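Sharing a structure here in structure tokens format.
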């Protein structure tokens, strides 16, 4: 049971890692922004699986914090990007 | 002294060592304050992980890890955050002063 | 066995993201890489069994640090990267590799038996009345450190404020709290902020007996305040406000007050009189949480940008 | 009963993983930021949702089960909001084609 859940966590981590390679390569900043969201939900899934696999409820608190702060970081990132666009920071990069 | 067993602590210890190396490279070589600050934080993350490995190996007395290094790391993360925040504000202000903006007023 | 595969995967992913962050072409990409780094480090800390640290890394390392970095990434004009010469890169690369190799050797050849204070903590934990050993260490053994740490946070805030323009001293902080235009953000903030506040208080509360604590909870509360600011639900407070200043000072004052009371009552600064450890620690934790949340939110909000 | 529950959990978790993998395939194959965003949000929300659903019977306590559900709701809600924000940025960048053109 624990091993099967750990295996599931490995599978999710692998999928997230592959996706991460893609979004980090860009080409646009919008692609890169998705990295945080991808790792946020993937990381939360891995933590949830581990929490049940180990029977450790504290891991769920870590997952809860991660979900909240990843959401916060994504929103802040989207806003920062909007700000760059707005004040003509679009210097062709 | 004998070779450490291949377990989670050893794996993450090696990861921490590599992270310190990467961070050090970035701190010395990268151009731009922001990038160097980022590299310094990467380095810090590696150092903290090494502390975590020490804590893990010191597990005992019913604890999953030695609580003392863990408490140190928590303090360390908070202090690193403060230093980073201060450094970033300095960098922002520096850019502002460098920018040819005489209408900015103030000091 | 399965666990080792997972650990190896997390370690490789972390190293990959770190390397990518170092190499990234522009500042924004590097900041994204760094936030991602904070998120995977949280997984590593969880696997090391250090749930308290994992919480701190998720809240402060990935979240709060990431957000101030974004603030800078959006405002700092990228410095024309001074390309280091090939020789410099080889030399620095070799030196860094040597440091990494030295540290690896220490990791691979650990002292036997591993040094640990776990036993000592176990013996004395009961006297603090807390169930969380790390909370016990922070509030008993290292109470002076924890006190100074909050002072460091406060000093960092003063430093951030001091870097604003003179004309704006005492005014409202600007950058991170400028509301975004329309979209889904206001609704998001209306739902998330109350939920986040509940979760933040919960994290402080369980910190007495399980992983959690004031720094982690305070960061969550601070993040919610910033989110409300971004969505335009609240305005940043004027930094000269008397009530705000008292809010910031309350935690350290309560801490130092109880600490000084310990001299006559328990024989040492920051010593707790026997029998009152847990209630006193709880009072300090609550006061510190409120003050720390305000400090962290204002640090993230940045220097004052509007005249009072 | 417990056999059925075990089967249900296994199927749900495997389906969740399939959605995560599908999301990654979408990220790798789709041509531009908006379509990749589509792949990411659909896959992640369903993937995490199914995994949480599968874990619920084994949560151990009502509190833990409640936390799992709250975590899923948080991620779901944040995903929708961030997707909207990224989408708005993409549209502002390419107003005519709404980002549909190949880049």
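Each chain carries a letter (A, B, C and D) given by its place in the written order, and its residues are counted from 1.
Criterion: contacts are C-beta pairs under 8 Å (C-beta built on N, C-alpha and C of every residue); 3 or more make two chains touch, one makes a residue touch a chain.
Everything quoted here is computed from the prediction, not taken from an experiment.
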{"item": "Chain pair, B-C or A-C, that carries the greater number of C-beta contacts", "value": "B-C"}
{"item": "CA centroid of chain A to CA centroid of chain D, Å", "value": "11"}
{"item": "Between chain C and chain A, distance of the C-alpha-averaged centres to the nearest whole Å", "value": "19"}
{"item": "Distance from chain D to chain B - Cα centre to Cα centre, in angstrom", "value": "31"}
{"item": "Where chain A touches two or more other chains at once, by residue number", "value": "33, 40, 57, 61, 64, 68, 70-71, 75, 79, 81-82"}
{"item": "Of all residues in chain D, the ones touching two or more other chains", "value": "70, 74, 77-78, 81, 85"}
{"item": "Chain pairs that touch, as defined at the top of this document", "value": "A-C, A-D, B-C, C-D"}
{"item": "Chain C-touching residues of chain B, taken from the complex the two chains share", "value": "1-4, 6-26, 28-35, 37-39, 41-42, 45, 48-50, 52-68, 70-75, 77-86, 88-93, 95, 99, 104-107"}
{"item": "Chain A partner contacts - residues on chain D that touch it in the complex", "value": "10, 13-14, 16-17, 20-21, 23-24, 27-28, 33, 36-37, 40-41, 44-45, 47-48, 51-52, 55, 58-61, 63-64, 67-68, 70-71, 74-75, 77-79, 81-82, 85-86, 89-90, 92-93, 103"}
{"item": "Residues of chain D defined as touching chain C within the complex", "value": "70, 74, 77-78, 80-81, 84-85, 88"}
{"item": "Residue numbers on chain A that touch chain C, as the complex places them", "value": "3, 6-7, 9-10, 13-14, 17, 20, 24, 26, 29, 32-33, 35-36, 39-40, 43, 46-47, 50, 56-59, 61-62, 64-66, 68-73, 75-77, 79-84, 89, 93"}
{"item": "Chain A residues within the chain D interface of the complex", "value": "1, 4-5, 8, 11-12, 15-16, 18-19, 22-23, 27-28, 30-31, 33-34, 37-38, 40-42, 44-45, 48-49, 51-52, 55, 57, 60-61, 63-64, 67-68, 70-71, 74-75, 78-79, 81-82, 85"}
